[in-house]
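Next up, some structures in structure tokens.
Each of the two complexes below includes chain A, the first together with chain B, the second together with chain C.
Here is the complex of A and B:
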């Protein structure tokens, strides 16, 4: 297992090393696939741009954009994450054992982001295929303009959930403070229960049942232009 | 961007090292804005005394003159301590208004940064480490303090445009964000007799808060009122003689992290600012909610 101490080495060295390991794997070479990152102390951009099936454990809290653009990497953050954790993630997984700050998983295209604590505002904003599972609550404007993918919230959601949402699916187990424009409560059909069951399983959540959730999604009245609704745009 | 920090020390041991901790917190935030930096330290108080912090661009000539004039006009009532471009003038509280009058009349180029029983303000153009070193912040003690490193947006990079802004005794404000209705609010406050020294948006917020506090409202009440009156982006940390408060606007784009232990409450724009504090790994660390007033008092 490789170990990187951010008190001893620079962030740039860490990310270059992780990128190099991804290159080695792609070229069919031998690579160190397990990494431990010590003393992140709130650093920005830890393990950004990972491109390969590496297992990375970050021992402590991180700042902005940890695991951004991740492809195939399995990143575990033992602590809390600053703004934009997993921003534009493509695939792989990120698990945050603490809380996540604003816009967790923003614009994510794929992969799984699990937040064991709470996520603050704008969680999953503009998501494009990412799956996000939050054990705690999410803040206001979560899933704003979310285009596809799933947001699963075991706790409560703040104001304006799913404002201007496209085709992402939202599952909330607790209370929703308010729904955003064009976001509505929807029927939970068999296919949704199955999907939710798979998502919970992938996130290793075993103590709640899919039936405890309510589904929300787009009323599809805002993103098809209709001159009679011009006032609402 | 801008970076802001605050530290509220709950015991004497930490209070003796307040300056050192605040300096380290602020220096960590340097890359959020390198234009200017400032700190407000709530230090020791003496019965019947008020501290006046003044700044000069010509400290070598102006401060000795100031000392001579004040000694002549207010014998035994004033004491001038020069620290770089600032002087902290300790004045008999009974004489404070007359002292201010003399300074304004005879030293029109001196800038009064703030006044109060406990508060002294040190702010200048330059990086946090440079500003903190010049004023010897590391050696200062106090019950609480706040700091700011600026990336200027709303007004010029000058000493006056640096934070903290103080518009009332022992009251000051640091701000990350920008206000959009500051011109209107400034006009309204001017009509109510409030005077302004800059075109800066944060000064308006500080003046608004002081105006409300002077009208007899508690800090908590005043901050709730600010949510109604101030439009724009803000994370504020407000210092008063007895404590500090935190307020974020309802959209809450501007970052904020709070940490609390039995020994302190600490605020940082980012968690990075807090990592050197004692026992931070055991602190309760959380992101303050939008549009929610937090405050702690000694």
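Here is the complex of A and C:
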């Protein structure tokens, strides 16, 4: 296992090394696939642009954009994450054992982001295929303009959930303070229960059942501009 | 004897002119604001209101065609490991596949490459065609993040973080349903045929402090190889430029209100943002005060049409200019040869701006395969290259006449203004005087 101490090495050295390991794997070479990052102490841009099946454990809390644009990497953050954790991630997984700040998983296109604590506002904003599972609550404007993918919230959701949502699916187990424009409660059909069951399993959540959740999604009434609906905004 | 009041000529209001009346009727009939493409059409103080002095007893000119006048510019040499080396100080501005046809994007790439300069993606991501045909490609990082992925980020030659654009500072993108073809929908991860509104604000940062961290992230992802540009609309050029420098940009792209858009509200295009002429000096002030002029490069755009505009922008302190609308005209936009078809859709060559409707007779702002096939990307690319070369030669002609061995040696002292407004904005003397309004006594 490779080890990187951010008190002794620079962020540039860390990311360059992780990228080098990804290059080695793509070139068919032998790579160190397990990495431990010590003393992150809120550093920004930790393990960004990872491109390969590396297992990275970050021992402590991180600042902005940890795991940004991750491809195939499995990143575990043992602590809390600042804004934009897993932003635009493509694949792989990121697990935050603590809480996450704003815009967790923003614009994510794939992979799985698990937040064991709470997520702040705009969780899953503009998502494009990512799956996000939050054990706690999510803040206001979560899944704003969410295009596709799934957001699963075991706790409560704040104001304006799913505002201007496109085709993403939202599953909330607790209370929703309010729904945003064009976001409505939807019937939970068999296929949704199966999907939710798979998502919970992937996130290693075993203590709740899919039947406890409510599904929300787009009413699709604002897909084409209509002046008589202008006051929806 | 009866008195007959002589008739007077019917007089239309300058306030309620024909266009205004038609717009009121259109709004009343539809309940929708008017959406169109292109930039501001109203007359505003512009680079046309400036003149070069040329040589005289105290300045001697360089010999045309014999004495060298350089035109090259390097963009991105502040922090990035691989700056862009352009042969000419004119780049092609960001325009998306989606708003433009694949052939139009290819033509832009071919033309820019022939002329030794860069082209730029737009909202919607990078297509293999434009990457393939552009030797130097700037990849826009937009609020929508449509099509954004790290593989394309690494394929790009530079990254342009779009904060705003001149046609609509503070506005997001808009692509109406008729242009959301299956390919465009797939690239943007949206249902086919819906009206697509792009966000006006980035989803994961707000303010310059966040932006500085975002730039570090992008540099880390790309191993500090790629120049980072920040594009801003002409809103608060002094502060925006200063903050872009502080956030860590290599290049600031400043787009005045004459800059075009694929589609936005007419009221936005004509009433938000400042003229290009008014934006330059405040931006250069910011760079000079920070000791970063010519270090963080300034690219000016918004209504640049010819070599005189290029020379004037550089004389006022820009390092390069960028063209969008003019490049489209060069490849065939609004060509009178399609006049019958422009008339059939209620427009005329030279005025066609319903780019969002996807019915462009010239095959440029469309996703319709039959129309798009009208544009030959090879021939259109050649036309763009010719045009870029002419602009460069024109700028060189002026620079030589002012005695400059490089277009970057042009300076404000080479200019006078034709109007008080232009003199105040450009901070050069009103022609025939030594008066710079706001700077010196009349």
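For the reader, a short list of remarks on this structure follows.
By our rule, the second predicted complex is superposed on the first by the 226 of 233 C-alpha atoms of A that agree within 3 Å, B and C clash if a C-alpha of one lies under 4 Å from a C-alpha of the other, contacts with A are read in each partner's own complex, and residues count from 1 in each chain.
Everything that follows uses one rule, which is that contacts are C-beta pairs under 8 Å (C-beta built on N, C-alpha and C of every residue); 3 or more make two chains touch, one makes a residue touch a chain.
Not measured: the values here are computed from a predicted model.
Of the two partner chains, neither chain B nor chain C is touched by A:171. Applying the stated contact rule after C-alpha superposition, one finds that A:63 touches each of chain B and chain C. Contact with neither chain B nor chain C is seen for A:35 once the two complexes are overlaid on the shared chain. Of the two partner chains, chain C is the only one touched by A:12; chain B is not.
Judged by the touch definition given at the top, the superposed model places A:83 against both chain B and chain C. Looking at the shared chain after the overlay, A:216 reaches neither chain B nor chain C. Comparing chain B with chain C, more residues of chain A are touched by C. Of the two partner chains placed around the shared chain by superposition, chain C is the only one that A:51 touches, whereas chain B remains out of contact. Of the two partner chains, neither chain B nor chain C is touched by A:4. Contacts of chain A with chain B, set against its contacts with chain C after fitting on chain A, overlap at residues 63-64, 83, 102.
The residues of chain C lying in touch with chain A in their complex are 30-32, 144-145, 148-150, 153, 177, 189-191, 194-195, 199, 203-205, 210, 213-214, 216-217, 220-224. Listing the residues of chain A that touch chain C in their complex gives 11-12, 15-16, 19, 44-45, 48-49, 51, 63-65, 68-69, 71, 83-84, 87-88, 90, 102-103, 106-107, 109, 122, 125-126, 128-129, 144-145, 147-148, 166-167, 223-225, 227-228. Put simply, chain A touches chain B in their complex at residues 41-43, 61, 63-64, 80, 82-83, 99, 101-102, 120-121, 139-140. Note for the complex: chain B touches chain A at residues 250-253, 255, 270-275, 285-287, 290.
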